[in-house]
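Read the structure below first, then the notes.
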């Protein structure tokens, strides 16, 4: 294998080494982490154009071929998520630097912001390692280990803020993630017992309906649904995301939830799609519908901004899952690629929203929505970023969310599934309600209270704006990522009876 | 015979651990349930690939179980330290509230 | 002979299940922890019965040897802070020691009934699935045996762990380091006040056992290449030595500087990453070791990983970062200065 | 079955009652101190007989050294811990059982 | 053949000893029961080493001997102690 082939390894190893060095050399931890984030962005760029040139690639780690060794694979969906993680990684690292410098100047407890920053960087780098490892890995047990890396580092990041509310949320998050990985592991054991092979490619070839596979898929899906906080099992997400530090909430809502969802997506559409009955897809659809409706209603009842955004994550995740029956019944690969498009759009928007919420909280000192009147006066860029991210959540035309919802609606109407179409539209109405409720506070209501003086926070506002504009840009240049998804079809043709768009 | 026995025991241990993790209120007992659950899964994994008649040993499940044991001890340790810190934070809160109430009584 | 072995298995399986059930039902948390320690002991016997000596050693060293003391230390920290010293024994033979979270008498509320019913039918479903799965496929035993020669070690489990699936083990060592970083990020090591004079018997026993434990740990790490043993089991035994030092107050953790500890913690993963990079440079594939040097390289890797695993597990037992590291003091109004520079 | 193996089996058979006595003692005795006494019986004598029996049944000297090392280790470690527990029990105010 | 019978008998004594954990009045009784099971487990391992002719079990028995004492010493020094009182007061 040529030396140039080793680019596939860089997205996992750059953050890994950065985590080690950041834990050792604490003073330079920001620069090491930023360098690693940029390096993995570069590596992902190289991987994307190599993928467009000569299609999916596989890389046997340690030189041992799949049945024995582990191999890393790049295909369409994996690359979309890798690009998303790399871009979000650079954005969140910049925002975190600004966030911590501001907190260190005005600490609530002397020494606490230093502790938080010193331990944020190694944990954040390990989180990136786990995410990139999950997207690249082609071995079902290795996916379990990456899930654990993501779960433990997410719980550690959630517990970083030290308040007792966030400690309780972090402990519950850790136990839920333990429960999820254990049931996923039991699914892996059933797969190994029925097929005797761990590699995803070989499993895909050997996928035949057997009782063991149904049990394995049920256990794995329940575990991953628990970790992705889909409707009935979302109780742990709002407190964990709302009580964490601002950059940590952005990481949790934007990237961590997408990691376990991507694994669910790969299992359902890539590996075991011929094995699963139609009823299973409809069950997933109903879970998604429940998440959209129930989450949307809950969002309207929240009084705190960060809790509002956390509950909106619960409702938006419903969109990702409601696409399962559409993609299966509709037959066209449109709904299927819309899922990942929606995931990346939602990630950028949610990261921008949590960043702006963090900036508002730093300046206003609280995040009660009722008292946030007139933030526009002294934080214009942040308010605009929040509004732009809201546009993507609602799904108004220029944004990526619009493209994804449009493709889902078309598939639903083509497949005559009126129920899912109605739920999709209802979700958009609920999203409009809760976005404009906050935007009204930020923009429209004239500030009647004294304006807070301190404004200079350069590194805090621009990353939020960039991520919000990215989610809008995603809609404008939709064909490129969609071409990436279409080019990467390994098995989709087998699954989709109808032709592509 | 031993394969069936240990597989069934492993699954029952998984279910016991699951029940404990969901039902018991004390954080320590939840973590104990988590450990019993992972022990059950590993027992089932090795039992699934143990063939008493041919007697040869499949090394891959053993490597998986080793990785699983190390990962589960790491999660247990983190959960224990978290629940200790949680208890400490709760006590500090209680002590502060008691002090404030005492000041209010002294104030009246 | 067969009859006796199946009898042994049956008794072992039933005791395991009884212990797990007692673990749930016992009202007192301390009793549950002791049941958990016995559960770990019997699990090691179960692994032995299934011809998996490596796993038995790991379960004994990590599952019982370290998790038991972890739980005991955590219980004391939680109960002591709960303002009720549950361990205090009245004169005479003492009576049942309840704990702060006295498990309320299990009145079977309807919710509890549904949860029990659901878990029972889950168990039935799983067991039914297991019973109808046909003969298990051969698995990967022959591939492992086939390429054992080039792996540089002749213990199949270590070969799979370090060479064939080395990427898994690298991520797993990172999970351990992640656990250590998390424990350090949450609190300082909660240490009981130093006891004026520890009992001479304790000191003599620890002084006698310590070299022996380190010897056994090193022996297990070295032996990993040939028989049962390896970085994890050896590391766990080394951590037992460190825990003994921590207990008998030879090592006074609050006084330790954090940099050497951090170096020790990251030694194993660092060597692993360097080896992976070395694999790319020399063999143009990640983690691929040249066949003739595979043996010694793996041994060096195991030694480094064993050392850092020992330190990590001892850091888990200590339960936090050294006291001198990143102190946090309540904000005193006008103190605008930067936080005290940590060591 | 050579002579040393027979003697070995006899030694193992001789060690078993001590383990039984350890357990029965732990169940029957009235207080912690007498139970400690019964418990260490199982360690040193029961295990000692067992190890002598097993040593006789093997011809590899390395295994014999390991077995003796195990026995010495168990002796020192369990006696030290029993002393510590007894000392702590006294300190905690648990009075030994007296026949009144 | 004899070895497996001895192992079974020792396992019976371990199971018998569990009653002490259930009813053990003081905390120390339970801990000492765990200590006894450490030694009996070690004995079972040694006998099984000959019964199933797996010489690796002797290394496991070696680790067992350390771990039972580790748990007991942690119990004495970190669980069952009172603040400030020295060991030999």
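All chains are identified by letter, namely A, B, C, D and E, in their written order; residue positions are counted from 1 within each chain.
The rule is simple: a residue touches a chain if its C-beta (ideal position, glycine included) is under 8 Å from a C-beta of that chain, and two chains touch if they have at least 3 such contacts.
What you see is a predicted model; the values in this text were computed from it and never measured.
As a matter of contact connectivity, taking chain C out of the picture divides the rest into A, B | D, E.
Contact with chain A and chain D alike is made by C.
Each chain gets a centre from the mean of its Cα atoms; the one farthest from the centre of chain D is A.
Counted by C-beta pairs in contact, the busier of B-C and A-B is B-C.
Each chain gets a centre from the mean of its Cα atoms; for chain B and chain D, those two points are 33 Å apart. Computed centre separation for the pair chain C/chain E is 18 angstrom, with centres defined by C-alpha atoms. Chain geometry summary: the mean Cα position of chain A and that of chain E are 48 Å apart. Those residues of chain C in touch with two or more other chains are numbered 5, 49, 51, 75, 88-89, 93-94, 126, 130, 136, 138-140, 144, 165, 168, 172, 175, 178-179, 182, 186, 199, 202, 205, 209. Multi-chain contact residues, meaning those touching two or more other chains, occur in chain B at positions 14, 17-18, 27, 31, 44, 48-49, 60-61, 67, 71, 74-75, 78, 82-83, 85.
Across the assembly, chain A contributes 141, 145, 148, 152, 155-156, 159, 192-193, 198 as residues in contact with two or more other chains. All chain pairs that touch, listed by label, are A-B, A-C, B-C, C-D, C-E, D-E.
Looking at the complex, you find that chain A touches chain B at residues 141, 145, 148, 152, 155-156, 159, 162-164, 167-168, 170-171, 174-175, 178-179, 182, 185-186, 189, 192-193, 198. If you check the complex, the residues on chain C that touch chain B are 5-6, 9-10, 13, 16-17, 20-21, 23-24, 29, 32-33, 36, 39-40, 43, 46-47, 49-52, 54-55, 58-59, 62-63, 66-67, 70-71, 74-75, 77-78, 81-83, 99, 101, 103, 112, 115-116, 119-120, 122-123, 126-127, 130-131, 136, 138-141, 144-145, 156-157, 159-161, 165, 168-169, 172, 175-176, 178-179, 182-183, 186-187, 190, 230, 232, 309, 313, 316, 319-320. Listed in rising order, the residues of chain D touching chain C in the complex are 30-32, 69, 73, 76-77, 80-81, 83-84, 87, 89, 92-95, 97. Taken in their complex, chain B has these residues touching chain A: 14, 17-18, 21, 27, 30-31, 34, 37-38, 41, 44-45, 48-49, 60-61, 64, 67-68, 71, 74-75, 78-79, 82-83, 85-86, 89-90, 93.
The part of chain C that touches chain E in the complex is made up of residues 1, 4-5, 7-8, 11-12, 15, 18-19, 22, 26, 30-31, 34-35, 37-38, 41-42, 44-45, 48-49, 51, 53, 56-57, 60-61, 64-65, 68-69, 72-73, 75-76, 85, 87-89, 93-97, 192-193, 195-199, 202, 205, 209, 213, 216, 219-220, 223, 227-229, 233, 237, 240, 243-244, 247-248.
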